[in-house]
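These notes open a run of structures that come right after.
Presented sequentially are two complexes of subunit A, the first with subunit B as partner and the second with subunit C.
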Partner chain A sequence: MTKSKADEEDYWNSSKFKAFTFDDEDDELIRLKESRQAVNSIQRLVEEDDDEDDVEKVSWSGEPVGSISWSVKETAASNQRTDREPAFPKIPTDTPSLSKSQSGYSLSSLFKGKTKGGNFQSFTDTLSDSSIRLYAPELRKPKSEYKDYVSDWSPEETIQRLQQGKTAPLEKFRSLQDKLLLLDFAVSAHDGNVITAVLIYLKRTLSKEVLFRELESRQTALRHFIHYLTETKDQRLLLELLRALGRTEDVALLQYKEHLSIADENKRRDFLKSCLSLPFSAEDSAHVQDHYTLLERQIIIEATDRQAERGGKVEIFQKFPRRASILNMPLITTLYYCCFYHYSEPEGTYSSPLNIRQAFKISEKQYFVTALAARAKLKAWLDVDALFTSRNWLGFTRKKSPLSFQRVVDVLQKNSAPTQVLQDYVGLVEDPDMRISLAQKHKCHDIVINTYRDMKDRQQLLGYRGKVGRGSAEERKIDELLNNQQIRWKN
Partner chain B sequence: MAAHLSYGRVNLNILREAARKELREFLDKCAGSKAIVWDEYLTGPFGLIAQYSLLKEHEVEKMFTLKSGRLPSADVKNIIFFVRPRLELMDIIAENVFRCHHSSRDFHILFVPRRSMLCEQRLKEQGVLGSFINIDEYILDLIPYDGDLLSMEYESAFRECYLENDQTSLYHTAKGLMTLQALYGTIPQIYGKGDCARHVANMMLRMKREFAGTQNQILPVFDTLLLLDRNVDLLTPLATQLTYEGLIDEIYGINNGYVKLPPEKFAQKKQGEASKDLPTEPKKLQLNSAEELYAEIRDKNFNAVGAALSKKAKIISAAFEERHNAKTVGEIKQFVSQLPHMQAARSSLANHTSIAELIKDITTSEAFFDNLTVEQEFMTGVDTDKVNTYIEDCIAQKDPLIKILRLVCMQSVCNNGLKQKVLDYYKREILQTYGYEHILTLNNLEKGGLLKPQTSSRNNYPTIRKTLKLWMEDANEQNPNDISYVYSGYAPLSIRLTQVLARPGWRSIEEVLKMLPGPHFEERQQLPSGLHKKRQQGENRTTLVFFLGGVTYAEIAALRFLSQMEDSGMEYIIATTKLVNGTTWIKSLMDRIPPSCF
Partner chain C sequence: MANSARRDSPELPDFSLLKRLARDQLIYLLEQQHEVDKLYKVEYKPVVSTSDQLCFLIRPRIQTFYACEAVLEEQGMFGDVTTDEWAFYLLPLDDDIISLELPEFFRDNFLAGDQRWMRTAGSALHLLHSLYGPFSKVYGIGRYSKMAYESWREQVEQGEQRARQAEIGNVFLIDRDVDFVTPLCSQVVYEGLVDDIFRIKCGCVEFSPDVTASDKSVKVMLNSQDKVFNEIRNEHFSNVFGFLSQKARNLQTAYDKRRGMDIKQMKTFVSEELKGLKQEHRLLSLHIGASESIMKKKTKQDFQELLKTEHSLLEGFEIRECISYIEEHISRQVSMIESLRLLCLLSITENGELSFVTSNYGVDHLLTFSNLRQLGLLVEQQPGETLTVMESRVGKLVNDKTAGKLTDAFSSLAKKSNFRALSRKLNLVPKSDEEYDLRVPRDMAYIFSGAYVPLSCKLIEQVLERDGWTGLEEVTRLLNGNEFAVTAKNDAQRIILVMFLGGCTFSEISALRFLGREKGKHGPNGCSVSH
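Right, the complex of A and B next:
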């Protein structure tokens, strides 16, 4: 949507916020154009040399040639022709220049206290060996490593070994006290991996009651245990644990989440029904109830409509075949669907839009936008009209809307409403400036002319005369107004 | 190749080289020809460390993506799995190994960034653990991303820390910082704000004690480390970034340093050729400071990019015009020798002009403007306590859910929680329009503190905003004099904290620090005598700012701006768990809801 220049300036000036403005809008655009032109003119000069561009080569898939993700695809593709080596484009091999980087030691060696990896030293590795001596800090091994030969490790030493990725038997810790010590050391080491390892051991060797009780006073370990159960999808134990901890809302949400993995709609509905009794917070409980009610309805509507569509007797399904099933769609989508296919049904049916509005307490605004969009899509302009018409106590009709009429025009225009429909609503836009800009955009000449007349703006009217067709009814109307002596023009 | 890493104040190429060496060592452990089976997620981060050529030098002949089923045939001795420690991946590996009938194959696993007992146990349960000759870990904690930027590329860090209370990512952070100190010297001063920051500092100090007796003899490169929790500043990532790089990320998403762009604008129109078939594959571009023009414009407010590009265009045009002046053989030679460089500059200019045009189309749209206006209203504290009609309209139009959530969360943060009535209204509208299963999403946002009911009647956001000068009325986008230019008025809270720490110090803002979540603290690490720096007069200090839970490109731009300010006396190096924007951040907090639900 492009707004006219004047229009846009109004918008800017009316805003409190000057920041990120496009004051120099034209300027900016010109600048981009300038650099575009420059680029294009240079292109001609150099295009024959394009292939020698110093820029990274990019393969057909858009990956830079030589990158890992590119090579994965490439070798996988070439795999069918095993006899052929994949041809790799010539790329400068980045030989590591150690003199420049001044770094010859590997990351893990810094911590593991090991100096060299495998036995297969490449040329560069040999090089780097000497640089280790030069640059690597003398890391002394942590104290614990000197005791590698001992097998009787204390809980603390066991944790340290685990942290270093070494084996250490946990089975020898049999008393509850030892096990808990192990856990506490693991927690104070902050290594999630080690904490989990100890928890797995504890889970295997302790009764649920004891484990749950002890975890309750160890929040960090508890969180890791919950994470572990979630990861391993041990739903049953997890729910038991949360219940034991009194974290009922979490239990409810976790159970509710299960419904996502149920594909069959009837089973899903039944499952949601079983969720209704779960201890949700008051507001979530209402939402889950709505979720269940919605699916229940969708199942009924889907069955009926599918049959009607197959039967071939209901006109609307023939004219506008359904694109997808309504099952598991959000509420507002369902409402739209019902406004489209079941608009005039009596309020008693499940698929009646009014019934849905009531049952789910849909806000007035939401209902209006949805009904408006659905009816406009069908070009049912009478329905659109009726949506906004209300009678006052004298029996006069007038148009009322919970939405701004500007938004109404917007929705109608998106559904390609004809000008005669649009102008009814453009005319109802309260703000005269907004009304004029909308009317100009949608070519509702009458409204523009009348608004200028009401504003007694002779200059604008005169200016607008140039925009309507020569000899048209609009031009005559403007001339009539301009010649009218009764109007006191302000300019 | 990775030269841009060594241009900065701190030579981050040292870190990259160390990582490459480690990789070579592992590959050489598996003697003979090899095929690598990749966890697809890892190819991006690995691309920042090594190219295929390095692997090829070490007898890697084939590479596949990890998929369930049978391994593709490959005539190699070793099959190496490069994987993250994820249980679901273990099941796939087990299937691969199980269905492989080559008896002479050697299997290996390289876990990135850490081994996991949980995973090994799963392999054991599946009965394949014994098939592996090597099970190793590749510590890829901090990946050099650019000359002044390190990222762990750990997407779920925020979610794990604040939703699941899983502190594994913090452990990796601490380990990464220890590596960094081993290479660049002990960092004498540590500051921090937030619970996670406190944890990381504790772990670092403890790890240092474990190596007691070991003296790091490297002259410290960093003077200060600042650890910042993302939840200290929830507001900044929610706002739309307005720097060039920030907007590229907001609109197209930058992933592991690459962006994919719609190809139409990049079609090469050659003379005489009428409309060729337009390419349908997205155009993929690498973005980093190795590209001179990009380094120049990435951190500018987008409104200043047009001018910079046209200036560059003039320079390049003039340089090409020089050829007419080249008369002597020497001059022509000189011109020709400069051609490759000029062509690279020309192609870079062409790309960025195209990108700027693409972005301009969006930033000049009504939708973009309306959204920005509402954001700025919230950030200045206008009507944050009522239901916002723009948000309402966006829901009614079924705009993308994440856009709605960004705005609602922003309103909540700027109002120190929403009134119960307002919160309930939003929730209802969202669930009705986008599906009830998003009860889970909303609950996650509440757990993460992004969305919450107002508990006290006192809204302290205005105090924070005023004290820290988070809103600057007269942000100068063209020639900025304050960091607020990165959001055209809003100065990111996180960066203000950083700025104040450098001068005049946090003591001046005690009150505000207490309003923000988590403790703030200061620690000192003893340096061996002789390693105390004797500072030259006028020499800048260097601070490493670590964002736990993610950082945005606009925040990075703001820090670079501070580094460049003449009188700041401070240079910043940035580290983070992951580069984020509002969209990727909120997405990481949503439960994986199967697409069948839409």
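Right, the complex of A and C next:
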């Protein structure tokens, strides 16, 4: 979809989004502050009779606690004792929706594990029976259940029983055919629990080769098995499985993942080195290489810097003490760190930002943004300036920027850059309207004046006169321009 | 401010029944079955107790009995331990929201492909069907929706049937991966913003001291019981200030009534009105504090520009600028999550990922990217690979002049993604020449400032309107099928249950509430909430 620039402007200025912008601070915030004041003024009136039983006690039922304390804090000697009377739950006799139910319906069927023969209590029965014991069926399976039906269930029936949460011995299925039937029925039942249960059994009673071979053609079962092995942390078997399936990249990633559990940085570095030969994809391989190289570097930098810091002689570490070690930090953070603490070092050192940029092939834009942020933080405005200059073959310098100038101004302003510094960059914003709005925001009067002059907009210039200091140089400048006969104003 | 519901909207069923049932079941289990008299919280230290038996109530990572039992067996503890299941399935979070509270659902299903929760989903449906049904129509789309439906049907068949007056007649099941776009967009309705910034867990949120303007943080339940919250929760953030300031003024007036009251009037005032006013005052304070906090955070983060980028991506407009913004966002290292979110949004709407990302972040987030690829949230554009094969094949059939044009055509084809086509077919990005009034929203797009109607909600709207999938064949094709619609009987049931398998956003809930009010139906939402 292409729109012309004019359309663009219209598009964005169209009231579609005008309804609300988060930049409309002034108006909305003022209203909010007013509300806040109104509410606070009431505070005084309220305080007189303010009692603290408004403290929220959030139990998920939002209700008082029963004889078994819902609040576990109670046992842990909390200070929030609930003294409301224990509402030991009885079945409410006046539940509106339940009263709609006809006879014959029982709550018990909602609970898992029907008793044998479906001996249900109807709801109306339980109402008259005051004993709670009868209101839900036994949830523990009676021992009698195990006795009779040992070998009569087919694989399909077995799966059905498992789905319903009942016991059904799998051990009687010893042939491979039967086992696979079990598995296939489980898969078609879509129940992950049951699939996993069967897989646990198969893992125990089939050799790896046979199992892997059968899983290869059963994607759903395979996924469940992989997940099971992952959760039970059976790393060894999982790796074997992945290798058997030829999923070499997954093997590599899985082994690489181990690095997360190695705390000591030197051991981790050595481990990463050993990972380099793993069968990663080309792209991942490069990343792992970088990871190793980065950590290697960080170890060196950390050692040197910690010493320098302790020594107390290097100024920057005294002025801006390090808040954390650089070990295991991400790449860009490391770059920022080096731009901060090691900016002017010669390119040959490990901690030189330029060296890092080259070693890790960091893009110009990324480098620029990071260096800008670091130098701005240190208020090193000359360094900031130097980032923009470049020489062409004529020896001239031109300011160029991979980042839009608005963004640059934004970063500088967040670091409290003085107006003279900001001015330079505001002036470089190409779009006149954007330039004016930024200039006004940061009180760069000269830029506003010059821009209006360039745009030959007399009205605006006149309007702006009221915003500059009375009797100031800017005011005089405006007057001069306004009186200048040679300018062909457009309005 | 609160949109008045149509007078003929049906009443919502009483979901507190679910809570009572669950609690009763637990009480029964603990007291009757296992004779528990004390509860301890499980921590990583040995339990000291005078009892000779210990009962542990845990939320297992592995839901299945079977895997748990296998572990116990391996550890040689099988006979010493009995296990039981407290199957409560559903937790009502509000009048019209029920949750399965299964944060693992998304990861297990969509990332690992493990279907362990499917039976639970079916059981939840079965429970609702038994208590509030029977259902007469079930619609759905997605692999897991289908499985949940089948599990439910099976359980119904195995259970008892009996007649009752149905309160919930229709059900709509939808997989999260049918619409990944919506959860990737920044939210701008009040509840959505509160969730994005403060994190709403299980219907509760914790506000830090700078919000509460005191020295401690406060945990608050956010639901329709909070009268202030209830009125602003679904509103676009721009409307919130106006409402709160009006409320504050009203409150002031109400308090001011105290002056000029005689003793008798004062007594009445204190006994009847004061408590309510104090309550309102407290809530108002909190929400004003929260709004201020939201405002501060968002202006600091340049939220406006982020929204602009998202809207552009949704519309397919000025993509170059969007990419450039994302690049800068990543370079500035503002927020990894946000950068990834934008990337995924770019990837889905434009069907391409860019290599610059991994070059900057790849070192640190190799595994994250691998997962995202697995989910289909990040798609690698293979520049030239499939394209050149096609080109060369076709190129051999035509002469030189047209080959060039064909290349262009193929390039544009390859870049098009299903989202764009879907967006056009369903009119997800409303075109309007007039102003979109957020104060009086005219369609569901208001939840994204008028820029985008959530795909999931639009699908639901269309299917309900058409009573099925007729006329939506092209749409379902673009969504990879797996749609279904089953009718038991044609009831004019107006309460609809929508179930998101994999979680839903507060924005979607707001949109559906809007839809419900519009059409005179109420939609309770059941979701497996995942964060």
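By our rule, the second predicted complex is superposed on the first by the 345 of 491 C-alpha atoms of A that agree within 3 Å, B and C clash if a C-alpha of one lies under 4 Å from a C-alpha of the other, contacts with A are read in each partner's own complex, and residues count from 1 in each chain.
Criterion: contacts are C-beta pairs under 8 Å (C-beta built on N, C-alpha and C of every residue); 3 or more make two chains touch, one makes a residue touch a chain.
None of the values given here were measured: they were computed from a predicted structure.
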Original post:
Which partner does A:L382 reach: the first (subunit B), the second (subunit C), both, or neither?
Top reply: neither
Original post:
Between subunit B (first) and subunit C (second), which does A:A324 come into contact with in this model arrangement: first, second, both, or neither?
Top reply: neither
**OP:** For A:A263, decide between first (touching subunit B), second (touching subunit C), both and neither.
**Re:** first
Original post:
Is A:Q164 touching the first partner subunit B, the second partner subunit C, both, or neither of them?
Top reply: second
Original post:
In the superposed arrangement, does A:A282 touch subunit B (first), subunit C (second), both or neither?
Top reply: neither
**OP:** Once the structures are superposed on A, label A:V39 by its partner contacts, choosing first (subunit B), second (subunit C), both or neither.
**Re:** both
Subject >> Common ground on subunit A, meaning residues reached by subunit C in one complex and by subunit B in the other >> reply: 1, 3, 11, 15-17, 19-22, 25, 28-29, 31-32, 34-36, 38-39, 41-43, 45-46, 49-50, 54, 56, 58, 60-62, 66-69, 72, 75-76, 88, 91-92, 96, 98, 100-102, 104-107, 110-111, 120, 138-140, 162, 165, 190-194, 196-197, 200, 220, 223-224, 226-228, 230-232, 253, 256-257, 283-284, 287-288, 290-291, 294, 330-332, 360, 362-363, 365-366, 369-370, 407
Subject >> subunit A residues touching subunit C - in the complex, by the definition given at the top >> reply: 1, 3, 8, 11-12, 14-23, 25, 28-29, 31-32, 34-36, 38-43, 45-46, 49-50, 54, 56, 58, 60-62, 66-69, 72, 75-76, 88-89, 91-92, 95-98, 100-102, 104-107, 109-112, 120, 132-133, 135-136, 138-140, 162-165, 190-197, 200, 220, 223-224, 226-228, 230-232, 253, 256-257, 283-284, 286-288, 290-291, 294, 330-333, 336, 360-363, 365-366, 369-370, 373, 403, 407
